[in-house]
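The structure's right below; bear with me while I get my questions together.
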Amino acid sequence: MPKIWAFITDFFTYETTKSVVVKSRSVGIINRVVQLLIIIYFLCWVFYHEKAYQVRDSGIESSVMTKVKGFGYHNNRVMDVADYVAPTQGAAVFCIITKLIITENQFQGFCPESESKYKCDTDEECDKYLGRIITGACVNSSKGRRCEMEGWCLAEDDKYVSKPVTVENFTIFIKNSIRFPMFNVTRGNFPSSLNATYIRSCTYDPEHNLHCPIFKVGEVLRYTGQNFSTIAQTGGEIAINIEWQCNLDESEERCEPHYSFTRLDAVFQKNGIAKGYNFRFAKYYKNENGTEFRTLHKAYAIRFDILVTGLAGKFNTVPTLINVVAAFTSVGLGTVLCDIILLNFLKGADQYKAKKFEEVSESQIQILLSREGCSQLSIQPEEKISDDSGTVSLCLDQQL
Amino acid sequence: MPKIWAFITDFFTYETTKSVVVKSRSVGIINRVVQLLIIIYFLCWVFYHEKAYQVRDSGIESSVMTKVKGFGYHNNRVMDVADYVAPTQGAAVFCIITKLIITENQFQGFCPESESKYKCDTDEECDKYLGRIITGACVNSSKGRRCEMEGWCLAEDDKYVSKPVTVENFTIFIKNSIRFPMFNVTRGNFPSSLNATYIRSCTYDPEHNLHCPIFKVGEVLRYTGQNFSTIAQTGGEIAINIEWQCNLDESEERCEPHYSFTRLDAVFQKNGIAKGYNFRFAKYYKNENGTEFRTLHKAYAIRFDILVTGLAGKFNTVPTLINVVAAFTSVGLGTVLCDIILLNFLKGADQYKAKKFEEVSESQIQILLSREGCSQLSIQPEEKISDDSGTVSLCLDQQL
Amino acid sequence: MPKIWAFITDFFTYETTKSVVVKSRSVGIINRVVQLLIIIYFLCWVFYHEKAYQVRDSGIESSVMTKVKGFGYHNNRVMDVADYVAPTQGAAVFCIITKLIITENQFQGFCPESESKYKCDTDEECDKYLGRIITGACVNSSKGRRCEMEGWCLAEDDKYVSKPVTVENFTIFIKNSIRFPMFNVTRGNFPSSLNATYIRSCTYDPEHNLHCPIFKVGEVLRYTGQNFSTIAQTGGEIAINIEWQCNLDESEERCEPHYSFTRLDAVFQKNGIAKGYNFRFAKYYKNENGTEFRTLHKAYAIRFDILVTGLAGKFNTVPTLINVVAAFTSVGLGTVLCDIILLNFLKGADQYKAKKFEEVSESQIQILLSREGCSQLSIQPEEKISDDSGTVSLCLDQQL
């Protein structure tokens, strides 16, 4: 037989472990029960509940369009969308203004501050504010003596309290289209089965109108547990969460949004600062002389953040394979427990041990090696004696 | 030998499975072929195609800056960027206004509604609208009798149709810088090899100018399959997707963006509502008396959402190790198949079975135990007989 | 014994691998050292450092509220928040205007262009610009002859340089509330232990005021390594990164933000274009005749992008299990190395091989099969001879 042929013959062999089959009912039952438990665990928890056969992604691509509707009264004026929504473009983050502190007709110039912390008797008291827009002079104002400031005059006086706009009946229409880029699945936040008439007339409610994309401001506030009259006074930040939890192994139609509502500034409530939400903006005018003046608005608003999150899962070979291999291996690991029982606690444990373990010690190998030498010697005595006398003596020594 | 020494000797032993090597060519070939298939599967699919040696992340940090250029005509007036882009700051979401319904010089007051659904003959007919801004009176208007409203007068009349601005030749410059926080890799959407002259003069096209960050509005609409004249009339929402699929084991230079264009409101087309995109905004003025008035704009616009998504992968020891272990274990699982063939379908299956499995039954162990007892007995008869006669009888019983 | 009973007995058996225990100190030590190294690797790197027992998610839900404070001078006018912040609502992306090029009182009409590239001597030279808003006429202007344009007149002249607003002392207050939807953990960017007084007076600094949510513009620019006077002239884009790296197996209190500051347009610096950041916006006015005019502002601004990223990890059974199984299997793979040593390099390797591998060749099986046939023959000679004489001869043939 040539060498290459021997190599090929050697290569195409099949190696399998030699096993000891223990026909003991007790260990047998324990073995099968352990295996069953491991299989149940994998099937029920790992594969069914945790969906370990799926690859998952939370990187969602989302676009939100909003539209607010409603009319409100503020200072005996009617406000419409163009007046109370900011920014006006219908983005994912928008504010509904509930209260305005309006400082009309401000011109650039010099005037006394309005806040009481700028109270003064002499110019010296105003020096500490220098470097800002305080001029350092103490002047008379309608409220008593105040430090003089430079800038838009007269200064804002936010002590004036106006009644907030009743925005409770305003509605917010939300159009949200998302995509899971990893799986290239695109979805909209209301099913295509809803018709235009229904959508125009419905309002979201978690029980009967789960798919309606129109939200009543009052209801949203109620879901977050907020008191409307408080939030309308101080402003606030409300999150409308749209969660997409999609199992893409099922029909795409079942990939639907789930709405939830939280007050975003709730985490900061303990700090006792930054309660509510407000911002300042100005409308600019020019008089006949071409001089610019402005009306400053301090707007208390409810800010709505439409926050979209998603988690999609879809069957993929790699996690499936890894978990199947882990499952098989774990079933195999069940033998570890049974081995412990078999080899330690069972009657006849030593006999089982003897059956399972074949011991080879170095000394045995030594003996085998020497015997082999001797037997080789006895088989081919003529050849060996002449050139390998050392081996003979060694062999004889060891056999003694 | 002291006990501790025995323990150490026992500890430093090496345990390896005893194997049966089957020198059968048929099983050998099946074994190697199965192993080969498993190895090929792992190398080609799991490691090469699925890149299972990488840890991946889709959490991308992105900043988008946009700049629109172009001039358009609307109602015989020239509109520039400051007129038709909203918001003006060049954010990731911006609108290009294509059509404006302008209601000039609105003052707060009372006036008839303009929409035909508010048609009336008597005050009673208007009562159903009460509670909104409808006063409940039915008054004359230029279009016949209408319910009276309170608010900004005259009411908007959106029946008037103006010709949309031809925005097709406008260009959008997009600057997008991203970061994969997990891998701390920062990239920009155009390579640093592009020089200023090229960037100023190029326009994106997927074949010849893949890296050019300037997009022509008309082309973008064409890529989404939209008809320009329709979308200019009703408005619409267009997504410019920037996808970053980066293999960070390669050169960072090859981490490049891929642009795609979709119409965002396409998912809602079946619903037949909310076609197009529009929003209302107002410009506020003051007349000589200081009375505020406004011009209301209903703007039909194309809204562009620059949506950035990313998926980066980089070599990591943990997934690599898990998959290598899974690969090794799977190769081992190949024996399961071969065992089935060997022990069931091959000629001499029973002989192979006998070779592979060594059976130990409880009864054998019983016999062994009793024999051991007997041999112990025979070796040390004097000691045992006196105090352990029970064992003797048991031993004799069993040997019978 | 009925068949079903035999099956059950067969089923409740326990199969364990037969092992060879090699009592060789050298291999034993190698074996244990290899196992130890694998265990250390898994414990220290995979489990402790890489936290492979956790499931991780980078899909974060974030809401950002900002508020800028400060007063600045521009062209001898005092600017406040309503003047220099855009958009005014306090979103995650906002601009602080540092320089304004103001073109006052633009009316719709015809006028010469201002840029020197529109220089002309004859009308013909202006023809190349036709199709835009250029009329094609060459007219006189204060700067010499220029092509005539249609639109808002007079044309903007951005050569005029005004001194930028010193925004260095402005402060940015950031309120960031986040949620990890996969784990339903909500956090705010400053601990609830901070009280209102501290927050109102502190400024962030990475050493002493790590939790203060108020950032000084000058400091932020310094952290990014930017020169204030340059960035104020040309504008720029600054990212304030808020990174949430949370180990949710620990106390939630330790899930804290980490701030970092980068210049976003840094990646584009090599391209030499789009240096800085600016945008145009207009304020609209009406004169006594009701004619609209506007003041165009080209605003150079520092744009701040509050970019929030997060990576949370929490114990989960699936990755834990997979990694534990991988660890166990890897420890098992240590035998591969020891086997190689034992069977190839150790003295008595062939003896070990003979102990580990039991060879079964097809010819052996043939002999066994034939013997079995013969012994069956000898046991039941009367039955077999008559109908199975072929077997007898085969058996005899093989035994020869």
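Assorted remarks:
Chains: A, B and C, in written order; residue numbering restarts at 1 for each.
Following the convention adopted for this analysis, a residue touches a chain if its C-beta (ideal position, glycine included) is under 8 Å from a C-beta of that chain, and two chains touch if they have at least 3 such contacts.
Every value quoted in this text rests on a predicted model; they were computed, and no experiment measured them.
Viewed as a network of touching protein chains, the structure reduces to a complete graph with every chain in contact with every other.
Rotation angle relating subunit A to subunit B: 120°, from a CA superposition, given to the nearest 5. For the touching copies subunit A and subunit C, the fraction of interface residue numbers used by both falls below half; the interface is of the different-residue type. Mean C-alpha positions place subunit A and subunit C at a centre distance of 13 Å.
Residues of subunit B in contact with at least two other chains: 15, 17-25, 58-59, 87, 285, 288, 322, 325-326, 329, 355, 357-358. Taken together, the subunit C residues at the contact with subunit B in this complex read 15, 17-25, 27-32, 45-46, 50, 52, 58-60, 86-87, 93, 95, 108, 132-133, 150-152, 237, 239, 241, 243, 262, 264-268, 270-274, 277, 279-282, 284-286, 288, 290, 292, 294, 296-297, 301, 303, 305, 307, 309-311, 322-323, 325-326, 329-330, 333, 335, 338-339, 342, 355-362, 365-366, 368-369. The touching residues of subunit C, when paired with subunit A in their complex, are 9, 11-25, 57-59, 61-63, 65, 67, 71, 77-78, 80-83, 87-92, 104-105, 173, 175, 177, 179, 181-182, 186-188, 190, 192, 194-196, 199-200, 283, 285, 288, 295, 316-318, 321-322, 325-326, 328-329, 347-348, 351-352, 355, 357-358.
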